[in-house]
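These notes open a run of structures that come right after.
One chain, subunit A, links the two complexes that follow: it is found with subunit B in the first and with subunit C in the second.
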Partner chain A sequence: MRFSGLLSAALAALLFVSPALAETAEEKGYRISRQSADTETGFRDMSVEGEMILYSARGSTSTRRFTSRTVENDDNQGSRSLLIFDWPGDIRNTALLTHSFDSARDDQWLYLPAVRKVRRISSSGRSGAFVGSEFAYEDMLDQNVDEFTHVWQRTEPCPNAPGACDVIDRQSKNSSSYSLQRVWIDQTDNRTRVIQYFDRRGAHLKTLTISDYQKYNDAYWRPALMDMTNHLTGKRTELKWSNYRFDTGVNPTEFTPNALRNIR
Partner chain B sequence: MSAADRITAWIFASQKGLLVTILLLFLALIAGLPHLRFGDDNRNFLGAGNADYLQIQKIEDAYAQSTTTMIMVIPPEGTAFEPATLDALRRMTTDSWQTPYVLRVDSAVNYSHSYAEGEDIIVEPLLEEDVDVTPEMAARFADIAPGSDELVNRLIAADGRAYGISIDVVLPDGVPEARRDVADFLAGQRAEWAADYPGFEFRSTGSVLGGLTLAQAARDDAITLVPLAFVAAIALLALFIRSARAVIASTLIVGAATLATFGVAGWLGIQLTAGTAISPLAVMVLTSASCVHMTLAWIRERETDDPHPATLRALSTNLAPITVATVTTAIGFLGLNFADSPPLREMGDIVAIGLIFGLAAVFVVLPFTLARAAPGSPAPKTLLNHAMMEGLAHRVLATRMVWLIVFPAVIAVSILGITRIGFDDNMLRYFDDRYEFRRDTDAVQERLTGLDSLTFSFEVPDGSVFEPGFLRDIDRFTLWLKEQEHVVSVSSITDIIKRMNKSMSADDPAENRIANSREANAQLMMFYELSLPIGLDLNTQIDVSRLQTRVTAFIRSEHSENLRTLAREAEVWMAQNTPDTEAIAGGYSIAFARITERNNRQMLVGLGVVLALVSLILMLTLRDVKMGAISLVPNLVPALMAFGIWGITFQDVNLGSTVVTTMTFGIVVDDTVHFLMHYLARRKRGEPPQEAMAHTFSVVGAAIIITSIALIVGFAIMALSGFAINQHIGALTAIVIGFALLADLLLLPAVLLRFERTS
Partner chain C sequence: MTGTKTTSLFCALALLAQPAFAQSAPEISGQVDIGARYFFDDGLYSGQSTSGAYGFVGFSLEGGFGLGNGEVAFALSGLAEDTNGRSYANIGRLYYREVFDGWDALAGINTENWGVAESRSLLNVMNPRDNSDPIAGSGLLGTPMVNVNVYTDYGTFSVYALTGFVEPNYGGMESRFRSPIIPDYDNPIFEEGDKRHLDYALRYSHSFSLGQGALDVSASYFSGTDRNAVCSATGTGASSCYDAVVTALGAPPGAPAAGASADEFWAWMAANATDALVSGASATPVPGLRALYQKIDQVGLSAVYTHEDLQLRLEAINRQVSGGDYFAAIVGGDYTWNNIAGGPGSLSVAVEYLYDDRSSAQGIPIFEDDVFLGLQYRFNNRLDSTINLSMFHDLSSSAKLYRLGVSSRITDRLGVELNASSVETDGWNDPLAFIGKDDFFELKLSTYF
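Our next item is the complex of A and B:
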């Protein structure tokens, strides 16, 4: 009686915790990252306005403004996005087109309205400071989950939000300018809260804090503020997102290099 | 009973208490020793209000606050463009990205090369990553790199035989070991590369290594030269004064004063640099001079009396002269506070405090020891006796007209010599060949690039840096700069914009120009920027608000006059040719090139103040305005002659020289004080001038000669430093003191007697 009681309790416990026991840290990391990514995709198309405020180490500021439009491909493999600059005035209407693929390197083109030319951007670079900010282009985007290995580290209180966060280390499977990204994802709604970027030599180079999340169309969580601090230089960039709109009926075929010239 | 007698009596009455007090004071001061730090930052030499330094800070704020380390890689002869060599260079570039606090790494292999290919513009590293270097890749590299304006004389030598890897790091605040971390890492890499690539030669330079060498030089001086000077000072004392008792007491006093001075530096939180670490040496030799005066007076009294009364009289007669001499010396050193360069100010402060401690120790410890010599023992001997001194006095007086001609003649020649003096200051050349840093620096400068630079930060009046007119002005200036003597390479965004404009038109050479609209230039630059990999962005050349951009000229100079001339000519050229687009020359090279001139200007005020104060003290002490005025002659002439000789022989002076006149004025005045006080005392007793002169020689002549020799030897040892600032301070001071000795013994008597006759 006593024995069987113990056994059944043990069995119950085993059954209860077994998914956790069976799951490795890699699997758990992948599962959480996948869940988080899934809350953000499936919107078909989206447009949003971005404003960057660049702070120097001693606090002087400078502003960049742009509109971003993204459309998911019909086959749901990757997306196409268009960034059209509005400020500073001398790059107004300059448009950056990106075709991202789940399984290949992105293609990028820039339309230069002043000379009315479209030029492809060679793929070797692109990881540098985006328009002089602390963001690299890739830092502003949701990352393709399958391009990384994910290792769950621990659960702890979110550094910049109430509730608990899972801490996951992700490493690019391809060559990357970062050796490691450490991501905090909240357990309440699977939103990315903080990302720490480690440079080639493994030093903590930058921290991105993401905040002011809001839910759109009852489905997609989107932040209003992303704040990137560079710990080496002491510089910082605030990226404010506003005017999110979803599912406005954009056709992905409009997002081509040839169509760039006609975009206003 | 005179005031001096009363003070002497009090010192003797409270001797035990005073001894304990001095001991406690000594212990309190040396408790500061553990706080001593060696500074490894070149910027320490630039004062907070220094206009050139403020300009540097403005530039660093607008772009990036980073410092560059340059590693020169020399592959085995004839293999510079072989695939294996390029493979090695690529690996070294990759390895360098692992440097602590690294911001960016530039070399010929990761240089962002751009060209048109059909409708595409390719911007990519000159040498592709992640693949083995093929002969074709090597051939392409050999074709492009030696022809690139942005690489040649910077990252690849003009003769193609040496490469450069430029590593920019951002040193964090509050991490004192940051430089050491960077240097250790790079030294480790160098060792690894040397093992993996036999036949390759490596040399490194830059301000991180220079800063560490600065601390190293400070440590070397403190550990070798200060003890050497100590041994020399004691040896001289023992040579001139045959009293073991006096020599041992002096050794203790001088040693304690030197240690206390280091302790003071610790308490004041001063970071010892190569400019200050050696300054306790000054306290050492000056305190030993006070010991000599006191001991010689005692020996003189001992000839007629027992130790105790002899000590009382020696102390009583020397109280005023030694105090006045030490105070004037301290004032001279405090006068260094007028200098702009913090290490010079700090040197003045710690030496002044050390001297005052030394003075107290001399008055308390020396009499205590001397008075306890066995009564009735024979008087100790000195190397220079009265007879010799009186003989010298007669010879000097007999030839005094000669000196009244010789000295003015030498002064006239000196003034000519002074006009030849040039200012040469360079943080890299401050170190001599004994330091690997200097040898490496010279090699890098000879084989690869120019290590001095001038930075011109242009601010657009309105709009953005992409205004065509603004960029065309900068382009013209850049082209002008490239033509100038000593300039080996110029970095400017105009070259990038022109190149991108050309690539936008299928590499049509006619399009190698600034585009006609602000928008086009901005967009070309944006295209380029989007193509860059992490770390190699444009933030080091354009500020984030797009209102400022900088042009940097790399210069191979042998003398800082080259830099000053170029800076001046550049500013004149802009005023005449691009009056709407002007910038001033900035950066560490020009800040140091101007540092002597700047400090000289300020030290001139300091000299005036010290001159006035010291003369006032002399007049009060001598109670004679005319004598005070006369005393200026033998005290100003030596510096004049020393700089004159220097101008004729060595010609160039550096920052160290700026403080010599003020500092030595306080020192050389001592001998005059001793001389005049004795002379006037004799005259007051009614002795005729010639007789008073002979007596003065016999009483203080030996002390003046011995102390001067001790000071000359001490400062000459300072000149053995491997750091040019100390070399100049030490050598010039030794020469000034040598001339001061001659002036006191030869010129002063002649002038005094001439003055006596006319009055």
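Our next item is the complex of A and C:
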């Protein structure tokens, strides 16, 4: 009786422990990244205004303003997004339309207001600098969990928040200018706190610090501030997000190449 | 037409006057350009300027506001310069648009560019052009329309009712980039009798995955009055401007008679023409030479295949017109190298072949057997600096047209642009020789607000 009790306790312990034992660092990394991403999706549609302040190494500044709109696809497979530039004036009303899919390459079109032309663009240019800032185009796109491999590294205090963070290394399955991204995800709320970017030679290129999270529509946490520092050049870009709006009933037909011509 | 435009404008203004309708504060933004263009040579034709620098001022203003369930958008632009006939004012956009579930509708003045090729476009038949500055000008001008687009999983279907005819901008006798003989644009003839004729266009467009890449296709159909005039000597049918001159004044000794092919004409020109002769011909008035707007039916196709850094493009049109059907196409593509020399810069090289089998009665075919080569270097820096260099090379005559464009920001609200163009011909053997004295460079500063 005592023996069988002990045995069943041991069995129970084994059963309880085994899923955790069986989870590899890859699985754990993926699971945490997925949980984190899931706190950000399900909003149907979103619009937000972005303002970038570009600081040169000598401290001079330059400003970029744009509106970003996203609508999730009905089948929950990917999303359609629009970036409409407002400043500087020479790129005003230039609009970038991205159709991103969970398991296929993105489709992208650029509307050039000066010639009123819609141009298909290749998504392979995504490693380029976003409007001359320290953000690359690939940093601005939806960070789709399935487009990366994830490996959990360790748990440590968050660098810029009170709680503990899981540290996860992720590598893009597509072409990327980074060999590795190291992500700090807060255990208390699954929010991304810091991302370090490593270039192809493995050098620590940039650090993104994400802060001032606020909850919108009682459901969606979004940051108000992102700060990207380039360690090789000393340049820095501050990205301030404002005027977040969710589930406003944005029409998906606005997110097609043809409608891009009349987007404002 | 002017009456209708004024009335609809008045209605729009009346709506604006009711604050209850306006849902959002109007946003207005704009740009002011100031610059100078330097011509290397004296113009060859009567009325044209001498060599030297000529200043100009340009502007554009655009904005919009919510109205009812939709929005009103506007875009105005213009250029003022007092010597070379490039001045214009254009309403590129002034419309009301509303988005519904799966479709949208727009009524007012709008500009649509359907082109996909890099060198030029064959597909745009709805909007008139600014012909006074074909090299670095504004391109398309606004035209009134009612447009409905239906978005489906099988592509986008668009219908356009073009409710009015806006004449293109031809400049005048003083304009550079013109042919020596120009018809009377102020008293045009319309094949359909009335420029208020309702024209229409249909367009279908769709994007697919194809293999490892993506394919964007479009098919369009236009039926109505051509937005570009041809010459008419008789006042009824189209004729080449040369035929019109020969009909009115008689052929110069030894010159081909009316109805000669373009090849015969250019062979004779190459052997006999001189600057003095062409200049003299230009100064002689041609009685009865009028501009004719023909009725056309045009089918257009475009395809763009994109795979990673490679893009292949096609534009083709077939135009049915009483003065002679013709076919024209542009085929080519470009390749982009990113991260040049490990830096942020990118280089795109575009190559296109241009074909056009129109008869000379349908306007001078300039790019009838030409290769276009375009190089673009983008610095991808904070100033968004870009260099464009391009060349058209006529395979049959060896004539070449070179263009250079350099642009950069100076500050967030100030930009600078340098444009230049140059023509090279083997004497008078190609239509490009007509603009052989119009080489220029210009410097332009733009400020944004």
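Simple rule for what comes next: the second predicted complex is superposed on the first by the 243 of 264 C-alpha atoms of A that agree within 3 Å, B and C clash if a C-alpha of one lies under 4 Å from a C-alpha of the other, contacts with A are read in each partner's own complex, and residues count from 1 in each chain.
Convention: a contact is a pair of C-beta atoms (placed from the backbone, for glycine too) under 8 Å apart; a residue touches a chain by one contact, two chains touch by 3 or more.
Small disclaimer: the values here were computed from a predicted structure and weren't measured.
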So, on subunit A, is it clash or fit between subunit B and subunit C?
-> clash
With the two complexes superposed on chain A, say which partner A:Tyr137 touches: subunit B (first), subunit C (second), both, or neither.
-> first
Answer with first, second, both or neither: which of subunit B and subunit C does A:Trp87 touch in the superposed model?
-> second
Once the structures are superposed on A, label A:Leu96 by its partner contacts, choosing first (subunit B), second (subunit C), both or neither.
-> first
Would you check which partner chain A:Leu54 touches, where first means subunit B only, second means subunit C only, and both and neither mean what they say?
-> both
Applying the touch criterion given at the start, work out whether A:Arg154 contacts subunit B, subunit C, both or neither, answering first, second, both or neither.
-> neither
Who does A:Ser127 touch here: subunit B (first), subunit C (second), both, or neither?
-> both
Between subunit B (first) and subunit C (second), which does A:Lys117 come into contact with in this model arrangement: first, second, both, or neither?
-> both
Check whether A:Arg201 is in contact with subunit B, with subunit C, with both or with neither, and answer first, second, both or neither.
-> first
Does subunit B (first) or subunit C (second) touch A:Ala104, or do both, or does neither?
-> second
Subunit B clash site on subunit C (candidates 79-87, 115-123, 187-195 or 241-249) = 115-123
On subunit A, the residue positions that both subunit B and subunit C contact, one per complex = 54, 56, 62, 88-92, 115, 117, 119-122, 124-125, 127-129, 131-133, 177
Would you tell me which residues of subunit A are touching subunit C in their complex?
-> 54, 56, 62-63, 87-93, 104-105, 107, 115-117, 119-122, 124-125, 127-129, 131-133, 177, 251, 253-254, 256-259, 261-262, 264
Subunit B touches which residues of subunit A in the complex?
-> 54, 56-58, 60-62, 88-92, 94, 96, 108, 110, 112-115, 117-122, 124-133, 136-137, 175, 177, 199-201, 203, 232-233, 235
Mind pulling up the subunit B residues that touch subunit A in the complex?
-> 61-62, 64-65, 97-103, 112, 119-125, 128-130, 170, 463-464, 466, 504, 515, 517-524, 526-527, 529-539, 542-546
Complex contacts: residues of subunit C adjacent to subunit A | 29, 31, 62, 64, 71, 73, 92, 97, 99-104, 106, 110-113, 115-116, 139-140, 149, 151, 156, 158, 205, 207, 209, 214, 216, 304, 306-311, 336, 338-339, 344, 346, 380-384, 409, 411-413, 415, 446-449
